[in-house]
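Take this structure first; my questions come after.
Each chain gets a letter, A, B, C and D, in the order it is written, and its residues are counted from 1.
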Amino acid sequence: MKSNRIISYMEAVREGIDLCLEKYPSVFIIGPGVPDPKGVFGTTLNLVDKYGPGRVLDMPLSENGITGVCIGAALTGMRPIMVHQRMDFSLLAIDELINNAAKWHYMFGGWCEVPLVIRLIIGRGWGQGAQHSQNLQALYAHIPGLKVVMPTTPYDVKGLLISSIEDNNPIIFIEHRWLYNMCEHVPEAMYRVPIGKSKIVREGEDITIASTSYMTIESIKASRIIENLGISPEIVDIRTIKPLDTNLIIKSVKKTGRLLVIDSGWKSGGIAGEVIASVVEEAFDSFKSKPQRITLPDIPTPTSHSLTRHYYPTYVDIANKIATMAGMGTEKAELRKILKSKKYDTPSDIPHLSFTGPF
Amino acid sequence: MKSNRIISYMEAVREGIDLCLEKYPSVFIIGPGVPDPKGVFGTTLNLVDKYGPGRVLDMPLSENGITGVCIGAALTGMRPIMVHQRMDFSLLAIDELINNAAKWHYMFGGWCEVPLVIRLIIGRGWGQGAQHSQNLQALYAHIPGLKVVMPTTPYDVKGLLISSIEDNNPIIFIEHRWLYNMCEHVPEAMYRVPIGKSKIVREGEDITIASTSYMTIESIKASRIIENLGISPEIVDIRTIKPLDTNLIIKSVKKTGRLLVIDSGWKSGGIAGEVIASVVEEAFDSFKSKPQRITLPDIPTPTSHSLTRHYYPTYVDIANKIATMAGMGTEKAELRKILKSKKYDTPSDIPHLSFTGPF
Amino acid sequence: MVEEKIVELYPEQEIRCPTHLSIGEEATAVGVCENLRQDDMVFGYHRSHAHYLAKGGNLKAFMAELYGKATGCSRGKGGSMHLIDISVNFLGTTPILGGTVPLAVGAALSSQMQGKDNIAVAFFGDAAAEEGIIHESLNFASLKKLPVLFVCENNLYSVQTPLSARQPEREIYLLGKAHAVDSYLADGYDALKVYEIAKKAVEKIRAGNGPIFLELLTYRWREHCGPNYDFELGYRNEVEFLKWKEKDPIKKLKEEMLEANILSNEEFEGMREEINREIEDAVSFAKDSPFPEKDELYSNVYSEQGHEK
Amino acid sequence: MVEEKIVELYPEQEIRCPTHLSIGEEATAVGVCENLRQDDMVFGYHRSHAHYLAKGGNLKAFMAELYGKATGCSRGKGGSMHLIDISVNFLGTTPILGGTVPLAVGAALSSQMQGKDNIAVAFFGDAAAEEGIIHESLNFASLKKLPVLFVCENNLYSVQTPLSARQPEREIYLLGKAHAVDSYLADGYDALKVYEIAKKAVEKIRAGNGPIFLELLTYRWREHCGPNYDFELGYRNEVEFLKWKEKDPIKKLKEEMLEANILSNEEFEGMREEINREIEDAVSFAKDSPFPEKDELYSNVYSEQGHEK
C-alpha cells in the first residue's frame, strides 16, 4: 500500500512532532504561541487538542530562562522541543545554549545528556528588517557539542526532525520560512533521515554546488536555466552544517573540479567559507578553478523591498556565477538574455505571488 | 626626547584607558570589578581614584541589561567602555550586541551612532574549564556592523584601544589573558594604531603564517625553531578580524605560495577557515600547496591540565606543520629532535613558569 | 486616525512590512508624552506608531517609512517597527521584546552624567515584562536613581496568548516595587487619568528622585499584526472587545471636553478635518517619494565618523 | 574541614583549577540539604563544595576532581566549578552566574510532568540575583507552581564588590515575592534556623504548593577564589570578618549540641577524627589516581546514545 500523499513542509514538521508526541511520553513542545490558534505558522496547529496543555505548552517571553528550563527537564528524563518564531530571538537564549546545553555532556565527563531540539525559523520578506530575518546558523555551527541541521525538503524535514528528537544531544533545527509551502510526497509513517549526512539533489558533471536550506531551491532553479546552455551542475544539499559532512562535496569536486558554495547567511565567517576551507584543505588538487561562494553581503537586512531586491541573491545570481565559473565566453550573452527576462519576475519580499504570509 | 620605556600589555591597556578618560569627558568605563582593588587584572587599577566613581563604574551582574544601558548612553553623547573578565560572559549580552549595537546605525538610516567598546578577555589556563576559556571571536566577526580587533602586542593594544574608543562604531576588543605580562617599548603619548589593518611581524620567503592574538606569539616561537632548518616563515598578525584585512596575507602568499592560518578559537566555522576561504577566492593560483590551519579542536575546554596539554596547540605543533608544508623530507628527523626536547617544557596551563595568576 | 488610514491602505499591498497598530491604545502614548519636553528622550517597541506621533515625530517621514521610501524617517531601512525622529528625541523603536528598555536607562544615565534635567521614557508591553532584561534595567536604574520612566502598556495579550498563560496572578507593577522603584498601576484607557499620573511621575523624576514604573491597563482592538480584526481566531471574544470599545478613550476624551466646554463640536470637526488633510498629505508624500537607490543598501553599515581628536 | 584541607593543599600547586571555598557558609548547605531526600535534585554554582558534600556527594570523587584526575566526579573534565554526583541527584554546578537556576526549575517541571513528588533546589549567590534569568526562572516556576526551592546565599559580596554597589536598598527576597512566590529572609549563619525554615519550605513544596524563595544571610571567610584571606585588599575589613567569625555556625552548632546533651565532647572529637581520616583517604585517593588519558579529550563531545526507538 504505497501512498503518494503530497504534503507541505509545514505539514511535515507538524506530522513529525505529532508522531513523536504520540510515541514518546517524554516529549513535549514549548514556545510562544505553540498552542495558539495560529500554531507557529501551522506547525503546531491543534496539537494541544490532542495532547493537552501539559505537553503542548505556551510560555512567558523569557527565552534564556525557558531554554534553561528545557535543559533541566532534558537532564531529568524529558525530551523537550522548543521553538522560536524567529531565529533572531534565540540570541536571547544563546547563553544557555552555548554555555550549558552544548557543554553539559562534556564538562561533567559524560554523566548526563541533553536531548533537546531547538526549532529556529528564519524569517524573510515583507519588510522583516534587521531584527526579524537573520540567518545565524554560523554562530551555532561554530559550537562543539551542538548539532545543527537545516532541512530543505518536506521529506527531509520530517525525517530529520524525528532523528533530532530521538538524538540525545542538543540540536539546533533550522527551518526557512520560505520553504513552508513547498510540497512533495512524504510517507505517513515514522521514518528517520540521518543527521550528519549531506545529499545529492541533482547529479551533474561540470560544477559542484553545495548549498543550504532555501538556497538549495534557488540553486535548483538556477540549474534549470543553466542546463539549457549545456552546463550540468551537481547540487549537494548540505543538510547538516554541524558536524559538517564534506564527504559528498569532496567526492563531487573530484569529479567536477569546480565548487560554488551557497548559503543563506552572511559572507564573512559564514558557513560557505567554512565549506570552502574544509574542501580546499582536503581536495586542493582537484580544483580546475578557484572555489567561489554566494551569500548575503555583510550588511544588516534592510526593510524596504526596493533594497531587499538587491540584498538577497537569487537563482539569477547563481546562474550568472555558474556561467562565469564554467568559463563560458560567447554563450554568456545568451544567458544574459534568458536571465534578463527573469530577474525581477517576482517581488523580492515574497517567495511567490501566491504566498500571502503570515511572515 | 625619545623614551624607551618598557611596559606590559596590561599596563598598556590601562594607559590607553587613562589617556582617553583624561582627554574625553564623554568616555566612561564600566564592568564588574572595574573600580575594585584588583582592577580587572590590573587594567583599571586606581583609575577610580583619578576619575571618580562617576566615570569608573562597577556594575550589577546584568550583562545584557548593562550592555543596553551602554548602547543607550552611546546614542546620547557618551562613549562607554564595557569590560567582561571572561569572554564567556559576553554570551549573556549577545542579544544587545548583535540585535541592537551592531544594527542601530544601519536600521535607522544612519541617524544615530553607537561609539561603544566592549573589552573581552579570553581566559586560559589553571583549569578554567569549559565556561571560562572560550575563544568566541568567530561569533562576533560574523556580524555586520561590529568591528572586532585582537591586538597581540603592548604597542598595538594601546594604539588600537585608543582608535577603538575614538571610533563611532561598536567595537569588540579582544585581549588574551596570556598576553598580559608581555613587555615592550610603548610610547607614553596618545597614539593610534588603525583598525582594519593587519601587520607583518616577521618577514620571510617560504611560507605565510597568518595568526591571531596569542597564537602570534606561538608562531614567532615556532619560526625561531624552524629558521634553524633553513625555512623562513613570514608572519602576519591579523589584528582586525572584522572587517577582515586580507591584503597583506594575499600579498605574502603571492610571494611564499604557502599559507598556514592559526587562530586561538575552534576549527569549524572559525576565523582560520574564513581567512583560508577569502585568500583562496582571491589568490588561488598562487598556492604551491594546500592551505592549512591550526586551531583548537572542536571540543569544549577540559579542565584537567593533563587534558589541556593536548587541547591547546603550541609552537611545537606549528613548527611541525610548517616543516610538513614546506615539504621537508629527511630534515624532519632533525626537527623532531629539536622539538622533542621542548614539547613539554612548561605546563600547559600557565603561559610561563613565572606567571602566578590570577587567571 | 492615522492608523485607520493605514487599515484602509494596507490591503493595497504597498505598505510591505509588519505593522502593529495601536488603535485602542492611544491614551497611554498621548497621556505620557504630553508631559514631556522636546529634549526628553523616548524609546518604543514594535507597537509604537502612537508613541512616535505623540512625541511629535514627523508624520510625513513616518508614512514614507511605512512605504519603504527614501524619505522615510529611517530612510526606508527600518519600516513600521523601526521608527526614529531625533529632532524630537524620539530615539528609536525595535521589535525585540525588552530590547530598548535598557537603552532608555542608558539615555537617563547620559542625562545624569551630563548634568542635564531631561528624562528618558521606555514604553514596552506586558510580555516584554517577562524578559529578564526588564529586571536588569530596573535594578540599575534604581541603584543609580536615574531619571527614567518605565511605562508598561498592559493590553492583556502577547500575540494570541493571554497574560494568564504567561505570568502568575499578581499585578505587573509589583515588579518595579521589588527593585525599590516607585510603581503605580493606572487605567491606561483614560487619557486624562494617564496624563495626571504621568505628570506627577515626570515631575518627580525630573526633580531627581529616581525612576518610576507605571503599569497602564489598555486594550488592542485589531489583530496583533496587521489591519484586521481577529475575533474569528477564538483566543479572545468580541464581547470582551465591545466592552473595551465602549470605553473608547478618544470618544471619552472628546465627550469630556465637549461637556466641559473646552471644545465645541465645530472645533472638533475642524480638528478632524485638519488632521485628515495632514494624513492625506502624508500619504501622498509617501506614495510620491522615490524608493531608496541600490547604493543605499551599502551605506550606514559602519559610521565613517569618529570622535574629533 | 574538607575545605581547610584544601587551604592546606592548594599551595602545593597540584589543585590546578579556580577554587571558591564555602568556609563560613556551611550552615546554608547543611541546613537545606538535611531536609532533602536522595531523589530530590540539587543544582549549585561556582561556590558549591558544601552543597555537593551536604547532598551526599562522594568525597573521594570530589577530591580527585579537584586534582584533575580520571577518577574525579566529572572525570577530570570539570574541576572545582563543575561538580556532579548523579547517584545522589546532585545534578551539577557551573560558574556562569544564574545559569543553573532555570535548570533546577526544569528539573522541577520534569518532576511535575512525571507525576513524582521529588523537588528541585537551586543554590545561587547574591550577585546571581542580579541576572535577568533569575526572574525568568521565578516567573515560570510561579506560573506553573513547580516544586522548586530557590536558595539565595547572600554573603554581601560579589568578588570584591559589595552589595550596595550593585543593588538598591531593599531585601533580595522581595524579588521572589514580586513573582508571587512565597519568600523568606533568614539567618543563614545558624544551621538549626536554616534547618527549620528549610524544613517547612521543603514540606510545603513537596505538598504541591509551588515554589519557595529563601534568602539566607551568610558570610565568606576567605578570598573570593583561592585559599587565602584577603583583608589587605581593603574592600572589606577584618573587623567585619571577626564579627562574623565569632558567630561561626559550626562552633555554634557544636556548642548548642553540647549544651543540649545531644553530643558529648568525646563524640565530637570522635567525629572529627573520623572525618579527618575520610579526608586523608580522599586526598590519598586523589593523589594516587591516574590522570585522564589523551583519548579522554575526544570523548563525550557528543552523546552516542539516542532514545530507543
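The rule we apply is simple: a residue touches a chain if its C-beta (ideal position, glycine included) is under 8 Å from a C-beta of that chain, and two chains touch if they have at least 3 such contacts.
Here the structure is a predicted model, which means the values were calculated and not measured.
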- What's the overlap between the neighbours of chain A and those of chain D? B, C
- Out of A-C and B-C, which chain pair has the most contact pairs? B-C
- Message: With centres defined by CA atoms only, which chain is the most remote from chain A?
- Response: D
- Query: Using mean CA coordinates as chain centres, what's the chain A-chain B distance in Å?
  - Reply: 32
- Computed distance of Cα centres, chain C from chain A, in Å: 35
- Message: Quick check: how many Å separate the C-alpha centres of chain C and chain D?
- Response: 45
- Message: Averaging over Cα atoms per chain, report the distance between chain B and chain C in Å.
- Response: 41
- Touching at least 2 other chains, the residues of chain C are 72, 74, 76-78, 82, 94, 96, 99, 130-133, 135-136, 139, 143, 166-167, 301
- So which stretches of chain A touch two or more other chains? 59-60, 62, 64-65, 88, 92, 95, 99, 106-107, 129-131, 144-145, 297-300, 302-303
- So how do the chains connect up here, line, ring, star, complete, or something else (other)? complete
- Message: Using the touch definition from the top, list the residues of chain B that touch chain A in their complex.
- Response: 64, 88, 91-92, 94-95, 98-99, 102-103, 106-107, 129-131, 134, 138-139, 141-145, 242-244, 265-266, 268-274, 276-278, 280-281, 284-285, 287, 289-293, 297-300, 302-303
- Task: Please name which positions on chain D make contact with chain C in the complex.
- Result: 130-136, 139, 142-143, 166-170, 174-175, 177-181
- Message: Which stretch or stretches of chain B touch chain C in the complex?
- Response: 24, 26, 28, 54-55, 59-60, 62, 64-79, 95-96, 99-100, 104-113, 115, 144-145, 147, 165-169
- Listed in rising order, the residues of chain C that touch chain B in the complex are 41, 43, 72-78, 82, 84, 86, 91-92, 94, 96, 99-111, 113-114, 120, 132-133, 135-137, 139-140, 143, 299-303, 305-307, 309
- Would you tell me which residues of chain C are touching chain A in their complex? 16-18, 68-69, 72, 74, 76-82, 94-99, 127-128, 130-132, 158-161, 165-167, 225, 233-235, 291-292, 294, 296-298, 301
